[in-house]
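Following are the structures in question.
In what follows, chain A forms one complex with chain B and a second complex with chain C.
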Partner chain A sequence: MANTKSKAKTGRQRSEFLWGWLFILPTTIGLVVLNIIPIFQTIYQSFFKTGDFGKGNIFVGLSNYEKVFGDKEVWQALINTLKYAIVEVPFSIAIALVLAVLLNRKMKGRSVYRTIIFLPMVAAPAAVAMVWRWLFNSDFGLINNVFKVHVNWVSSPQIAVFSVAVIGVWSIIGYNMVLFLSGLQEIPRDYYEAAEIDGATGVNAFFHITIPLLSPTLFFVLVTRVIGALQVFDLIYMVIDKSNPALSKTQSLVYLFYKYSFVNKNMGYGSTIVVLLLAITMIITVFQMIGQKKWVFYN
Partner chain B sequence: MEGMEARKRMMNVLIHGILIIVSITMLVPFLWMVLTAFKSVTEATSVNPFTIFPKVWRMEAFTAVIDNMNFLLLYKNTLLLIFFRVLFAVLTATMAGYAFGRLTFPGRNLAFSLVLFQMMVPVQIFIIPQYLMVSKMHMLNTIFALVFPGMVTAFGTFLLKQGYMSLPRDLEEAARLDGCNIGQTFLYIMAPLTRSSMVALGIFTAVFAFKDLMWPMIVNTDKEMLVLSSALAKMQGQYVAKFPELMAASLLACIPMIIIYVIFQKQFIEGIATSGGKL
Partner chain C sequence: MSLKKASAIVLAGLMTVSALPVYAEGSDVTLSVSIWDSYQEPGIKEILSDFTAKTGIKTELSVVKWDEYWTMLEAGAQGGSLPDVFWMHSNESERYMSNDMLLDLTDKISESEAIDPANYPEDIWGLYTYDGKYYAVPKDVDTIALWYNKAMFDEAGLEYPTADWTWEDVGEAAKKLTKEDGSQYGLAVRNDNNQAGYYNMVYDNGGYIISEDKKQSGWDDAKTIEAMQVLEGWIKDGVMPSLETMSENGEDVLFQSGKVAMVLQGSWMLAAYKGNEYTSANCDIVELPKNSQTGRRTSVYNGLGWAAAASGEHTEEAWQLVEYLGSKEAQEKQAQLGVTMSAYTGTSDAWSQSADFNLQAYLNMMEDMEIRPYSKSTVTWENENSEILKGVYTGDISMEEACKQMAEQMNEKLAEE
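Showing the complex of A and B:
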């Protein structure tokens, strides 16, 4: 009796093993070939210099890294990326949060508002960037003509990166809002009812109930938005021309990565820049993970 | 009591006011895209007086970009990119998600750590080696090149695993007692139950395949193999001051996805919410 039971068990185990590996094989092979090996190849590539017609790959040791740390263009690109993130992340989260709270009730037009606010999410960034560039046009643009100003929104080195960040905020609010709305729906109504009895309504309830109970969602959106903002490329590439005087003050790290790897064909230096981006992303994410203990509540 | 009612009404007006202002902000760029696309260059760039609506709704900008850009081909390439990305993502993630979520076997945790690891690193770190692979296979400027990095999906695998884990445990037990092997249990019982996760992943994959710019720009440079986003990037340099044509092209690029979105808005929003929120 015991014998047949254990036999059945090993049979079951063997079949789970075979089916399990059969099912995960495509994904596992794909991940190894498309992602895991490329990570090491990129790191390896960062010790080489490529390009210079006919010379192929030349081992240069750490000199790409020495160059990166002394490269003013790279440091400026890092500053530009951080400036972009510092505008995009907090504004897109704060506005989306307020909208989600306003929409988290039975009201007329709820789904119409939600549909409209989410709309930018389904538009291609290439098209979005072209329209905003046209809206921002200093001579003929809607914004300058309606508000009767003459601001060089996207060609002034001081403000161009912030103008691009405004486009980023506009594009992503709907996405954040939808995530917050689904987080808010998990908060039981009784919490608010209990708070109302204690006299906490409106703003008070927002800070004492909504924020703490939504904090896991808030944290998730914050981490993913920071990572996304650090990788900004499409909007900058589309809005800022190669001849734009604001280019050096707007180009992001990923923009430089693209330029070095695929325009200048120096994949070694491009790899070094992306390894730098990896390091920065990881450092910031680790800090956020440590910081979450102070404000994120899981029940 | 009457004061309470009045205050409540005031609040309601205020809330709708805020939502209407935000909605207008979201719509204005799209409206301006449409209005400019139907203008002539002179009308689009007239400042004194500044014109909002075109006096005559002209189709010239549309005919010009359709003549020059071969939109049918762009739609076809974009559609194929989306179709194969969605197909591969849903297929591989459905299988892997089941094994990771419901089966126990040696090597599972190690393999799953690859999934988690992939999700934590910036995607740009894969791009140069992926490009070199496609290039060595002599597959640049093909539909295959467009689809290549999306053949498997760590994110989708994670999403589907969560979907399977939320199903009740006794389902498989019952199937096993009815004589189903693991493959049959998966195919006939478990996989159909995760349809909502599959739809969510499909929508998510489709939207991001449609929006992707850098990868199509790198691998497909031939005019015949561009997709909507990379074609827009290419045309921008050539049509510097032809604003109506730039807007007409943007509109043509966006309109199919917008129409699909408006029809399936509920699925879109829920799909994005579940896939984004599950992580």
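Showing the complex of A and C:
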């Protein structure tokens, strides 16, 4: 009797194991085919001087890397990318967090507000960029005309990258807010009630209860947002025209990758740039993983 | 059964049916056709439907913006899924021809009754010939002329530009047409307006961009630099909007919205200006100015080609389409519809009647033409040149310095070809 029982258990375990794999199989295949294999192909390609249409590649060893490290344009692009990230990440997280907290109570029209704030996320980035491009236009744009100023928002080398970051913040807030909302709903009300008895309300409760208990979600959003911001491309591509004098001070690493790979048809050099970005992203993420031990609380 | 369930089943059924391929018309062939200019789309569509009416071969036209067009074509070429028939440009043709991406049309052209190479400009064939083989049939030719805003000239009390103008006259008029408050400028020539802009000035001054053998840049030639310094003068005189403004809005938009009085534009822009009420009412065209020293009036010219994919499934039908598009009938229609000037000799006269502008100016520009400079890596060095020229517009470097930098980087890239 005991024997058959244990047999049944292993049978069930095996079936669970099989089903489990079956369920993640589509995702795994997608990941391997669309992400993992291309990553290695890209790394492989970065050691070649690529020929036209992927034919006649010549192995050149590390010479692409030597060129990248000596290329001022690449380092400027890295600075631009970091500038963008430094604006986009903190602002999109801070604003989204405040909005999430405000919308996490019973109030009239709550779902309307939530929908409105989430809407930019649904709009196509290209369309978003086109609209903002007109808002920012220095001669005919709404912003300059309403405030009666003449600022070259998207064509002055000093500020263009920040203007683009503003668009980035605007389009990502909704998504971050939804993530924070789900995190907030997991915080038990008891903590706030207990804190209220002890006299901690409002801002105090926010910093001593909400933030620590939300820290796993915060950490997740931070890591994904940093990676996302380092990969910025579409906004810059749509907003900054090729003849724009601010281009060299706004183009990101992915933009350069696009330029070399698909405009200049120099796939090898393009791959090298993107491998550099991969390395930088990994280093930043590793530091974040180490840093999380200091501030993220898992119950 | 609940309503929800029933509708779900109906929906699922519909999806299955619509997912099935439709073979209603038997084995009819549909050719995919790709172009990049949405202004030409209506005219091209009409010509394509004539073709379908004649041969029964259907076509599907898609328009992809210039920048993305080449990305798409590149990916298609690499993945073996090029459109059946598409536009080719001198910037890229050599790469595609030398890698056997385009259908070799040599034998087909020699057998064809509709296509006789003698009926098209030799230079245009040159763009699409590799190793003595033809890879595309000329679609059009384009020349450059000067567009001006009559209302602004009237307001400033100036005579309209004539065919006798020199570049100095343009500069003088531009100064008078520029208003101090920045609401109106005399002229707009953007840093990347090479073919329609400063290339013409370089060639009529006796300079050049690239040597005959495509090995040497002409940017550091004294004559080239001298011509470019005229442009530098305009920048310094402030007769053009800032590069910021030109980049955010584009020369054509500034001209169409009455912000600049003169622009240098190619004949391919006609469709855009014809459709604009303001330009139709206020603007006109005149031949490009002459060079005061050489007395030469030159238009840089170019022409697109209709090419077919070598890897296509329906190369026979694709050739039929290319042949039709190059035939006298289709070329004449293209001119009549005002799509562009046509490559077929003598068909462009119809084009000059297609709008109420002085289109004859563009035809007159054909008397002295230079083919648009090109090599295998045109795009790479051309983009880099525009990037360097930005520095002149923003006042960071002198034109002479910029020309030397452009020559240097271009020679480097030409050496790698």
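Here is the rule we go by: the second predicted complex is superposed on the first by the 259 of 299 C-alpha atoms of A that agree within 3 Å, B and C clash if a C-alpha of one lies under 4 Å from a C-alpha of the other, contacts with A are read in each partner's own complex, and residues count from 1 in each chain.
Simple rule for what comes next: a residue touches a chain if its C-beta (ideal position, glycine included) is under 8 Å from a C-beta of that chain, and two chains touch if they have at least 3 such contacts.
Source: prediction; values computed, not measured.
In the superposition on chain A, contact of A:W132 is made with chain B only, not with chain C.
In the superposition on chain A, contact is made by A:P38 with chain B only, not with chain C. In the superposed model, A:F48 lies in contact with neither chain B nor chain C. Of the two partner chains placed around the shared chain by superposition, chain B and chain C are both touched by A:F140.
After overlaying the two complexes on the shared chain, residue contacts for A:S155 are found with chain C alone; chain B is out of touch.
When both complexes are overlaid on chain A, the residue A:F262 reaches chain B and chain C alike. Using the contact criterion defined above for the overlaid structures, shared-chain residue A:Y84 touches neither chain B nor chain C, since it reaches no partner. When both complexes are overlaid on chain A, the residue A:T217 reaches chain B alone and has no touch with chain C. More chain A residues lie in contact with B than with the other chain of the pair chain B and chain C.
When the two complexes are laid over each other on chain A, chain A has residues 137, 139-140, 241, 262 in contact with both chain B and chain C.
The touching residues of chain A, when paired with chain C in their complex, are 52-55, 133, 137-140, 152, 154-156, 241-248, 262-266. Against chain B, in their complex, chain A makes its touches with residues 13, 15-17, 19-21, 23-24, 26-39, 41-42, 45, 95, 98-99, 102-103, 107, 109, 111-128, 130-132, 134-135, 137, 139-140, 142, 145-146, 170, 173-175, 178-179, 181-183, 217, 220, 224, 227, 230-231, 233-234, 237-238, 241, 254, 257-258, 261-262, 267, 270-271, 274-275, 277-278, 281-282, 285. The touching residues of chain B, counted against chain A in their complex, run 12, 15-16, 18-19, 22-23, 25-30, 32-33, 36, 44-47, 50, 91-93, 95-96, 98-100, 103-108, 111, 114-115, 117-118, 120-133, 148-149, 151-154, 157, 181-183, 186, 207, 210-211, 213-214, 218, 228-230, 232-233, 236-237, 243, 246-247, 249-251, 253-254, 257-258, 261-262, 265, 268-269, 272-274, 276-277, 279. Chain C contributes residues 67, 70-71, 74, 77-78, 95, 98-99, 101, 190-192, 243-249, 257, 259, 377, 379-380, 383, 386-387, 390, 393-394 to its touches with chain A in the complex.
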